[in-house]
Amino acid sequence: MADIKVAAYICKGCGLGERLDTDTLVKIAQKDGKVQLAKSHDFLCNADGVAMIKNDIANEGVTHIMIGACSRRAKTEAFFFPENAVARANLREGVIWIRPDTEEARETTQDMAEDYVRMGCAEVKAMTAPGGNPNTGSSKTLLVVGGGVTGMTAAIEASKTGYQVVLVEKTGTLGGWAGKLYKRMPVHEPYKTPVDPGVADLVSQVMGDSNIKLYLNATVAKTDGAPGRFVVEIATESGATHTEDIGAIVQASGFTLYDMNKLPELGGGKSTNVVDQAGLEALALEAAGKDGVIRRPSDGQPVKSVVFVQCAGQCDPTGKHLAYCSGFCCNTSIKQAMYFKDANPSIDTTVIYTDLRTPGNGEDFYRSAQEKGVVFTKGKVAEVVPSGATSTVKFHDLILDDTNAAMLDVDLVVLATGQVPNSGVDIFAAPAAEGEVEVKPISILNLNYRQGSDVPQLKQGFTDSHFICFPYETRRTGIYTAGPVRRPMDMVQAREDATGAALKAIQALENAELGRAAHPRSGDLSFPKVRLEGCTQCKRCTVECPFGAIDEDEKRFPLFNESRCRRCGTCMGACPVRVISFENYSVNTVGAQIKAVDIPDEFSEKPRILILACENDAYPALDMAGMNRNEYSAFVRIIPIRCLGSVNTIWVTDALNAGYDGVMMMGCKSGDEYQCHFVKGSELGRVRMSKIDDTLKTLNLESERVRDLEVAITDIKRVPEMINKYAEELVAIGPSPFKGF
Amino acid sequence: MSANTAMADKYRNNFLKEIEEQVEMGDWVKMCMQCGVCSGSCPTNFQSAWEHPPQELFMMIRAGKREEVLTTTSMWNCTSCYNCIVRCPRKLPITHIMHGIAEYAHRLGVAPKMQPTRFFSGLFWKNATKTGRVNELKLSMGLYFKDGLVQGIKNGMAMQAVALGLVKAKRLNVMELFGGHKCKDQKGIQSMLKKAYEIERSRKAARMAG
Amino acid sequence: MAKHEYAFYPGCSSQKGASASNYLTSVESMCKTLDVKLTEIPDWNCCGASIGYAEAGELPRHVLNARNFALSEQNLPGQEMVATCAACWLGARETRERLTHSDTLMADTREALKEAGLTINEMPEIRHMVEVLIEDLGFEEMAKHVVRPLEGVKIAGYVGCQTNRPFGVAGESFENPVYLDKMVEMVGAQSIPEYDMKVTCCGGALAFSEPEKAQAQIKDIVESAYDHGAEMIVTPCPLCQANVEIYQGQVNKTYGTKFNIPVLYYSQLMVVAYGGSAKDAALNGQVIKARRLEEIAAKPVKR
Amino acid sequence: MTEHVATNETILVVGGGISGMTAALEAAETGKNVVLVEKTPALGGRTSQMYRYFPKLCHPVCGLEINLRRLKNNPRVRVVTLAEVSGIEGDVGNYTATIKVRPRYVNENCTACGDCGRAVETSVDDPFNYNLGQHKAAYLPNAMAYPQRYVLDPAIIGTADADRAKAACKYNAIDLDMKEETIQIKAGAVVWATGWKPYDAAKIQPYGYDRFENVITSVEFERLADIHGPTGGKILRPSDGKEAKNIAFIQCAGSRDENHLRHCSRICCMASLKQTHYVREAYPTDGKSTIYYIDIRAIDRFEDFYQKVQADPAVTFIKSKVAKITEDAQGNPVCHGVNTEGYKRYTTPHDLVVLAVGMEPSVKGINIPGHIVADSSGFIEADPANGAVFGAGCATNALDVNRAVQSATAAALRAIQVVNKVAKSEA
């Protein structure tokens, strides 16, 4: 390690000076922390205090800084030293604000502060300022997969921003679903009448754009590499494959209408006069090409009555069909009903729905349809019975509570069947059971990743993302999904989504070149380093990485693709031989803190509890508990961690061996509704820790000595309560037998 | 063939169209989104339920339930309080539609025969237009005696206290039975109204033809 | 030359010996004090009222009102039409709205009017007396004339339907209009803003045809007034006044209640507060005597 | 966050809610300089006042924490709080925005130690809690507030309280002489992300929001459920502090109504479905929710959330627009109406009524500097006439958070396209 100079600064402001013996803290930093320079300051975060630190960096050659003041979440502008390794000992939110200001509490409070100073010094010494990722790529070309409205929009917007685009479309024409439409819902006021889909315009923009390289009748045969340096093989109809260097990828593979043949009870597949929404668009286009009269497929007679059946095979709680609502179909049926009414008001058009869903200005569109005489009936369609050239639609009229309601002699029935995402292979799907025939969907990206060929999916085949706050963050860095493959959506949203995805892709390739991490640790220059000599090829890191960043080289050793890495540290937590580390976060930076704590002997009646707290939720919750002066035990020592997934069991065993009486782990909610910003981190951490009991047995320790807790950022009351309760329980269990060894 | 069957025949199975063309404000019926705020706002619906509240009538019209709609007593319970109108999120003039459907049912002669409000409504109009001004006494008497002499006397007795109070307070004048208030130009009023009916009839016929 | 002049449309119920004759009397005295000149529209006719709908149809109803417009325009050019009856005001105003928004309807109306030798060029504005008081005079002006405040009298302001919906008095809410409460306070009495039946329908014309339905409404209206400690009820509408007042006896029979609360017009309160006699206020016109008000009316005027 | 100089390669983002923060951060993390202007004293906006998000029931402040950390680590974003854009001059690639900055009376020395808050005696309504509660006139806007810096309410300036605050501050962070100032910011493109405001429930007269204490809005209900809220997360009703266990949720309070908002606000149904979980959470055994609705708009992936709530026996769905609310002797709001599914009349008392109020764009009524094309509801429409002023989030449409973030990210790219052109032309 290059020669480092560590300086510790203890702040006396915000009551620290009054509540703590800061002179002792300075001595502790020197004596136990072994820092070369230790100072205290009345008001460290003000201009003068910061100037002092800057001066020490400039003139004293200080490289490592330990700040004993407020939480690492506070005063970030003041204590901003990007060139240096910095650790913060949280003496304010973490000590004086959570302890009573009483004589009897004074000693334990001081103990706490002293330990945090020791820990801070130990941590910073184990850190180095990140040097940056050496294996960056510099390709500035985007790959867009899918030539529908979403894909074309992404391509056009990226080009407008000044980037090269490779656009791959599996069919012979651009346009996708939208290309098959007669008209679309209006996008500007007035929201009254269907308008031209505007696809032709998009197509000509793509065609005329020199930045966009178009492959038709082509698919992605292989995707290799990482953001900034993807190598993509594109297979074309002719059999020839082309190789492209790609910086980032937008997957806009769109959707397929749910197959109406799965709905025989609604007449699906039983009669040519029962069509899905695509079928109706085709009839409308055909009519537009002739006399404008939409005709009955079976015998070409003009349609005089049409019924639209909403939620056909959707919103189905039984699990037989789609569980979700596709969102766009109500407006689509309204639009299609207008095809008839605008052409000939005397055509009877009825929409049968359970909940009509026309958000935003769609409400105007709904009103307009009513004005045009489209009849809306709240009902559940039980059966569509085709006979001869017409059909009978049997339904339960929910308003008139008529279970035997029926529409007779209906010329045409349109089933609104909804969207099924084309998201490729579900790489984490359970293998087909015995006898069950497995129809594997075709891969979209053919990723040459250790973890599989496509972007992981969440529920119902839609690609996984941190659904609410960070919708674009898939589990494959530099690959962004957009359009109905991400969630059901209409054209307006798809275009918006495509534009956003284009930005994320551009951002990814720009940052990949600079070696900067992508969301959520955006800009982090650290990256995992591995001591291959120590590696046992157990493959846990390659299996567990939530982002599929790690492959295996030909010698079966883990092969890190740094620019795929999101810096969560899950690999580090998974590694049984502890050969993986980050410059600013490692088994050592945490381990050193654990060891730095001064463990009183068993007679002192001062138990010690180690808390490993997720820095995204648990740690802020503890901070805010402090801001609210919600007190908790002085026996805890808290270490923020990047993610529960990064917790290496060695920390726990080391702590217990060192005589800690208990360990609490605080991570985010896992499972389908996960709240972990690294998607699977907390889940993987939990799985790992569920096995800790065996370790405890070998040490013959009670299983109560380790506790795994789900903590949310709002638990500012609950967490202190849990801590205090646990502290009491440990007293009952008695001190750890390992004390004083 | 009765006016009713003529119309039913004319509009075959499109009752909604019939209502739109033949009923005052009928073309608003299609705009209802079945929120039910009208039904919930109606005082008489809450005192003693309507057979079919407004929003349900609108749905029945769309469902082509002609017979049930035209023969129900429901619309006749309207007190013209206008609560439904001011609360309707689609701004349907519900009060007027109710009156309109009632008037249409009455015109076709299918409205419930002895529905008291139907009777009173007609009575009121005749009373008012006969002389140009309402004669409250004749109006009340007319109403009491609608079910014949005996019932009329009963009704009269029942209302005696009320009537007496009004007489004492000089707010009911027995002399009204003989003559009473009236407009000078009654002839003008009569022919004016006659003309109005002609025009309205021809308009509705035209709509049906067109 | 009076401060304010209007073409007056009293309506059938306000005629001599009719159910709202006391309303008319009190309005006349009120207007004298406020220097408002009302000139009755010669040979005015019935508005048709909403209840006439079964026979009326659309055009005849409007033509009937249009005749009054024509007469007003012809005989009292430039003057706005003022109605004291809520139903007359509403019927007339509705017609005016429809005619303004439909040229066909207007054309048809003109054609029919010809038969009576009348025509419309400019339809007059249709105002309710309450609007005139609030908008043209204002509370301040009205208050000026109070010489005998109705101190300590607690009065429920019963607005009812037709002065309130669908048009209403400008700036008032359909659910909780406050102008009557303001008037009550203006005459020095105590208002009951929380009176929750203030816009409940009195049953309107159903009071005649289906009394039990109307009386169920009336019961709620009166009961709530009692619950809120009201000594009397005030209203701007003849039908409300009649329904709520004269059926209390029958309501008592049906529901075993002991209702006997006076129901007055705002104009009657004002006349008394303005120093007028019981006669000026036509208190003798009450079926349920407003004793308390009569006592006050007997008191000397503070000057 | 630092004080970089704005040029016409800078992107100005107006509004510091989740849309504005997203646009700002996405642009900054793509290497652009951004000035982020926020009207209130702290970033976070409307979502930071919510207790949980649908459909995951996670906490908005969790995402806010991440966004704030991104911001703290990113020198490219300059944040200006208590600031409103009063005018925008110039054209695509070369705008100058005039920004009014209201005084905070607290400077960067503030450590958020809280001494001034303890010293001050006056309390004022707390807008963060929709005025359901009060806070001291020297206050930290909320627990997650960024900048983490106290604010003095103008009401106490010139009073003894202001002097108390100043005297209490050991770090001379309080500057009572601060005045409103007007600054000018150059920008090549502008992202307009001023979000939405809840529709004024008092205008929905039949529901008596202005007359009945126990009729509240959906946004207020969020504060009741939130641990940081006025009741510390207990669902107690305003009139008497009684536990509100039987709660009515009324949909389309303002939305889909030509007397109020013509558009559907999209989120309200989901918000109410989500809030039934709050009732369950607070009163697991005897909490009851009733949802009065016209159509439940649980669009796309939210449908299964709807199905889960439907399966909850403690939740009842009634297809009905409540006609009116009255109050009974016990102060219970009583809903009157008709269930239109089969015509059933009801008169039902509840402990508390929550109006799912509609979304009104904040831009409505106020005149956005530089003529923006808006629809009749006041939402900004995508239109070439807007030049390089791009709407984002709920300023453009009634959107849920997920869609707002989408929209903001897209707007960021549109802005980047403009400043990239500027950069090219200047290179």
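Residue numbering begins at 1 within each chain, and the chains themselves are lettered A, B, C and D in the order written.
Basically, a contact is a pair of C-beta atoms (placed from the backbone, for glycine too) under 8 Å apart; a residue touches a chain by one contact, two chains touch by 3 or more.
Treat the numbers as computed from the prediction; the structure is a model and nothing was measured.
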*asked:* Strictly by the touch rule at the top, which chains does subunit B share as contacts with subunit D?
replied: A, C
_Of A-B and A-D, whichever chain pair has more C-beta contact pairs_ = A-D
_Need the CA-centroid distance for the pair subunit A / subunit C, whole Å please._
66
*Please work out the Cα centroid separation of subunit A and subunit B, and write it as a whole number of Å.*
63
*Which integer distance in Å separates the CA centroid of subunit B from that of subunit C?*
23
*Note the residues in subunit C that touch 2 or more other chains, in rising order.*
174
*Spell out, as numbers or ranges, the residues of subunit D touching 2 or more other chains.*
206, 256, 319, 324, 340, 343
_Where in subunit B do residues touch two or more of the other chains?_
33-34, 55-56, 83, 86-87, 90
*Please list, in label order, each pair of chains that touches.*
A-B, A-D, B-C, B-D, C-D
*Complex contacts: residues of subunit C adjacent to subunit B*: 12-13, 15-22, 43-46, 48-60, 63-64, 67, 108-109, 111-118, 161-162, 165-166, 174, 200-201, 203-206, 208-210, 213-214, 216-217, 242, 246-247, 249-250, 284-287
*Show which residues of subunit B lie in contact with subunit C when the two form their complex.*
24, 43-44, 47-48, 77, 79-83, 85-87, 95, 99-100, 102-103, 106-107, 111, 116-122, 124-126, 128-129, 132-134, 136, 139-140, 143, 161-162, 165-166, 168-173, 175-176, 181, 183-185, 188-189, 191-197, 199-200, 203
*What part of subunit C is in contact with subunit D in the complex they form?*
173-176, 196
*Hey, which residues of subunit A end up touching subunit B in the complex?*
348, 356, 366-367, 370-371, 373, 375-378, 397, 399-400, 402, 405
*Enumerate the contact residues on subunit A facing subunit D in the complex.*
13-15, 43, 45-46, 70, 74-77, 157, 160-162, 187-189, 314-315, 317, 323-327, 353, 355-364, 378, 398-401, 459-460, 462, 467-472, 487-489, 493, 496-497, 499-500, 502-504, 506-507, 510-511, 519-520, 522-523, 616-617, 620, 624, 627-628, 668-669, 673, 675, 677, 712-717
